[in-house]
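Input: a single structure, listed below in structure tokens.
Chain IDs A, B, C and D follow the sequence of writing; residue 1 opens each chain.
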Amino acid sequence: MSLPHLADRAGRYRAMRLIRSFEELALEWVRSGLIVGGTHPYIGQEAVAVGVCAALTADDQLTSTHRGHGHVLAKGADPGRLLAELAGRVDGLNRGRGGSMHAADFSLGILGANGIVGAGAPIAVGAAWAAQRQGRPRVVASFFGDGALNQGVLLEALNLASIWRAPVLFVCENNGYATTLPAGAAVGGSACGRAEAFGIPAETVDGMDVEAVRAAAQRLAERARAGGGPGFLECLTYRFEAHHTMERRFRLSYRTPQEVAAWRERDPLVSAAAALPPAEVASIDADVSQLLSLAAEFALASAEPDPATADDHLYASGLRPRSGAAL
Amino acid sequence: MSLPHLADRAGRYRAMRLIRSFEELALEWVRSGLIVGGTHPYIGQEAVAVGVCAALTADDQLTSTHRGHGHVLAKGADPGRLLAELAGRVDGLNRGRGGSMHAADFSLGILGANGIVGAGAPIAVGAAWAAQRQGRPRVVASFFGDGALNQGVLLEALNLASIWRAPVLFVCENNGYATTLPAGAAVGGSACGRAEAFGIPAETVDGMDVEAVRAAAQRLAERARAGGGPGFLECLTYRFEAHHTMERRFRLSYRTPQEVAAWRERDPLVSAAAALPPAEVASIDADVSQLLSLAAEFALASAEPDPATADDHLYASGLRPRSGAAL
Amino acid sequence: MTLLSYAKAMNRALADALAADPAVCVFGEDVGAGLAGLTLGLQQRFGAERVVDTPLSEQAFTSAGIGAALAGMRPVIELQIPSLLFLVFEQLANQAHKFSLMTGGQARVPLTVVVPGSGSRSGWAGQHSDHPYALFAHVGIKTLVPATPTDAYGLLSSAIADDDPVVLFAPAGALGVREDVTVPLAPVPLGVARTHRPGTDVTVLSVGHLVYQALAVAEELADEVSVEVLDPRTLYPLDRAALLASLGRTGRLVVLDDSNRFAGFAAEALAIAGEEGRLLAPPRRVTRPDGAVLPFALGLDRALQPDAAQLRDAIRAVMK
Amino acid sequence: MTLLSYAKAMNRALADALAADPAVCVFGEDVGAGLAGLTLGLQQRFGAERVVDTPLSEQAFTSAGIGAALAGMRPVIELQIPSLLFLVFEQLANQAHKFSLMTGGQARVPLTVVVPGSGSRSGWAGQHSDHPYALFAHVGIKTLVPATPTDAYGLLSSAIADDDPVVLFAPAGALGVREDVTVPLAPVPLGVARTHRPGTDVTVLSVGHLVYQALAVAEELADEVSVEVLDPRTLYPLDRAALLASLGRTGRLVVLDDSNRFAGFAAEALAIAGEEGRLLAPPRRVTRPDGAVLPFALGLDRALQPDAAQLRDAIRAVMK
């Protein structure tokens, strides 16, 4: 059974709105210093996370990226706990230890954002392989960007998934750029062509259309769940904001204002909202806004971790490392 | 101008015979203990090294593999110095420092065998990129096996070569196995399909037919030399011997005797010899045999390196490392 | 008398772990054929789905091991060459090691990486002869170097049962050792050193196959000096208490360590001795040189590894 | 008065090298945009064929740098994150470092790898906050950690001119430093330490940005103790003579080192002091903990890095 909160169009619009508003709030918190270190905003790409997660069940898992808030929220993570994590508080998803780039909620099958481009894909393959062995009907979705298409380990992972027929849904969020480098200048051949070359069926969809993403993801996920092996979905999308909040400090010209404006015209929230009665949209928006107020309150109320606990959790076995202070 | 010693059929047969006989001699030397550590015999694959090198000029370069003797000899390295290297002597190509897996002759454009599968390919791309920058009409051939098709760095290298239009000739020696693992079980999709997916033109040839290999290599090399970008050549071949001489100690069953026998029927030397007058073949064989006697004499006459020089050449800048002995 | 070889002991530890726990599985190249000894016969016994022959994709299959570990498995990764650890350094140091802390304790990565045949294999040259255990200890990954068959059995068993990533080096120089096993094979706890020979004048802290060199030299010099031979077994976390206790008895330290000298394991042992020990003489290291790359020719290969003469000199130096 | 920032000094060293030698070239991500400062304006000046924006293929472009170096170029590789050094460990430790010896001196690999922003960047969490310089020193790759703008200029210049592979760490904690430059910028030879402050009681050997912490604490304690602040600048090959000379003056050692403690740089310094120095008191290390992974929350991140209070304690401990 697919995730209840994404079961219908209203739910999916709601999730997209939640991600958008969450990310806007996060931008504010970066500006005000509540979030230290900055974030990679997901704004513009919401239809991908929501469309893909709409094809997943609660037991399904995912691996995410440096630009992970959308995936984490779409799979159902608590926005208050995610916000608390970004602010480095003890009630954060990772107890304040992970921050934006490592946000995870294992109880929901969210195996973590990852700071290393491409690193999530082979982890997803291993988790999917384990599910096969354990006889679970589980699919593992692995999100990554166009830049990750050139990471060796991701390419190796495509092959492993293919020969193992592992139930992985590879989701390439092609937003046209790896930081400042255009995908066209970086990627020889095409995303889908690569996947197919490893023996993996691949489709390209409009990543600004949540329903199109969902439909394609559903096909590939069900195929994988039925033992048909991995699938690959390229979602053509765009990030409306900077690569990273820090980018604002630079004067960069890798994208023209015209290009950004043209993509903003295709805002996935606008088209998703258009399919719903305006009153329902307004009520969802109001709901989300309230939810985020509560999330912000929750995060602000949460304490900063005690420095004395800085190396807690370093070893799962409980081993305590030797301190770095003089004797 | 292509390498003079490989300019005609007789020269190519001669080179194949040299490799075959060299490898047989090396097997003897492994058995007798003159070569320590063993070798990865090239026997059966001679047509690939010779066919490809026949498409190269003296200024062209190559990167080789753990199974590298054939490549090194085909490009023109002195068999006596290669043998001395395998025996760890001071007159070896690498002064006895490299052995089988690192044999190199930079004066001939042989950038080295390599102990790490796949590692040569990106090195070839960099050398080819440099040639482009320096305005030299140079092609760099990069040999690797079917097993290397699953190394991330090699896949990354295909992409780099493609977007840089680097003059690289990628040569996949598909001998059907990576040690004991059949290529069919390891490689999702096909070798050529992968190269094409990165935007690189690719061909498969009969790797037991030196003339077919040469013709295809010539096409791709000339294209690359003319600025047309990299090419990929899959050569279907077979190793007649064990993966490594050490394998003889194990009772392995990954290849049936029937399969080995069927491929031995297609011995590339036999077909190459058939295209020449028998008298010429006999005279070449006698020549090669004498050449190898001299090579063996040369190698045996060469001294073992002085242990006091063990860390010579560690730093090209001449820095001497601190010893590991107590003060 | 049952003579158990080191290689067989590891094979048995893995077999016992596979038999005892369905979560244990193996990834590696040619593990079906058991070329490296570790997995000999295990694919036949436990199936190709648990003892998995992988393509030459060390990075992806090591990461897949991490993913499987996150999903409840206890994967054992076999790497054929010590330097393949360099190839998967990102996966081990940046992913496996960091998951627990970065997720605030949500995740554990019980992954064991085994290199059967670390250090020089005689004639395999520069890229196949590394002994990079100090790198893992520095990064903070549990690092084991068993010297004897029973320790190989016991430490590999404990590694697989451990909830953190562990790297186990089986030195090529010890793989052929055989031991007369009198008591049942049993797990050996991580982080506990072993005294192979008690002594009162000098502590020789020796790693892996060099334990045998230390014992031989200790015996040879027995009339001259009383040498205590201590084997850390686990390099990280190191049994500092055992080292300091031994130094408390002897007051003198020589470390015998087949890895590069600079910032290696021996450096750490000397640092600990300097901070916490009370030494009667300056300590000594016998190691590979700084930045060592082992040359191919056997005489050169040997010249860069610690030898008995160097150890004798070092012992005599600290006794002066 | 010209105030030169650390980031600008590196940028200028690279620009001067590109201008002086057509063999110098740059590979890296977003080097055209100059996001990390190192390459700012250089693609515009020297062209996209010499300052090359690469795809996210660190392993291949680092290896391509090796290939280009073998073909006569002097490539500079920029890596955006310190842990990307883990990703290319095979390429650096097993290929670049070994080529010269393995080919018997036929080949040289003049490759420079620069990480602008090593160590903690405050808020970048576990996978972006490493300071893994000891790994490279252990392996034997020339390892530089400049502390000041003029040293950043001088060491980067020397690295590019050197015929061996070099890794240069530019600590995030030093990138913002500005220096009043009075003499012309010039190369700084590798392997030569620098005394930032002379003293007679304690040698504080401090690495990178921590030099400033050492100087501040030395000043603060000036009435109490005379601290000599020594900066190795090159961690490997280390200027042992300078360290031993300083210890000859002071007889006491504290090492301040922002990397993991176990088998780190500080361990090597203590080992050398133990072997060759004559110490009046047990030496001390102030480092990150063993196996450190920096947590995200700023207070936790800071808690795992060496701080002034720890340094003060250490200095007082060796003075006791």
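We take it that contacts are C-beta pairs under 8 Å (C-beta built on N, C-alpha and C of every residue); 3 or more make two chains touch, one makes a residue touch a chain.
What you see is a predicted model; the values in this text were computed from it and never measured.
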item: Of all other chains, the one whose Cα centre sits farthest from subunit C; value: A
item: Distance from subunit D to subunit B - Cα centre to Cα centre, in angstrom; value: 39
item: Between subunit C and subunit B, distance of the C-alpha-averaged centres to the nearest whole Å; value: 35
item: Between subunit C and subunit D, centroid-to-centroid distance (C-alpha), Å; value: 30
item: Distance between chain centroids, defined by C-alpha means - subunit A, subunit B (Å); value: 45
item: Residues of subunit B engaged with two or more neighbouring chains; value: 94, 96-98, 102, 114, 116, 150-153, 156, 159, 163, 185-187, 311, 314-315, 321, 327
item: Residues of subunit D engaged with two or more neighbouring chains; value: 55, 57, 59-60, 83, 87, 90, 94, 101-102, 125-127, 140, 237, 262, 275-276, 282, 284-285, 290-293, 295-296
item: Chain contact topology (line, ring, star, complete or other); value: complete
item: Interface residues, subunit D side, partner subunit C - complex; value: 83, 86-87, 89-90, 93-94, 97-98, 101-102, 125-127, 130, 132, 134-135, 137-141, 236-238, 259-260, 262-268, 270-271, 273-276, 279, 282-285, 290-293, 295-296
item: Touch list for subunit D against partner subunit A, complex; value: 29-30, 32-33, 35, 53, 55-57, 59-60, 81, 83, 87, 121-128, 254, 261-262, 282, 284-293, 295-306, 310, 313-314, 317
item: Contacting residues of subunit D [partner subunit B, same complex]; value: 25, 49-50, 54-55, 57, 59-73, 75, 90-91, 94-95, 99-110, 140, 142, 162-164, 191, 237, 275-276
item: In the complex, subunit B residues that touch subunit D; value: 61, 63, 92-98, 102, 104-107, 111-112, 114, 116, 119, 122-131, 133-134, 140, 152-153, 156-157, 159-160, 163, 311-317, 319, 321, 327
item: List of subunit B residues in touch with subunit A within their complex; value: 150-156, 158-159, 162-163, 185-190, 193-194, 196-200
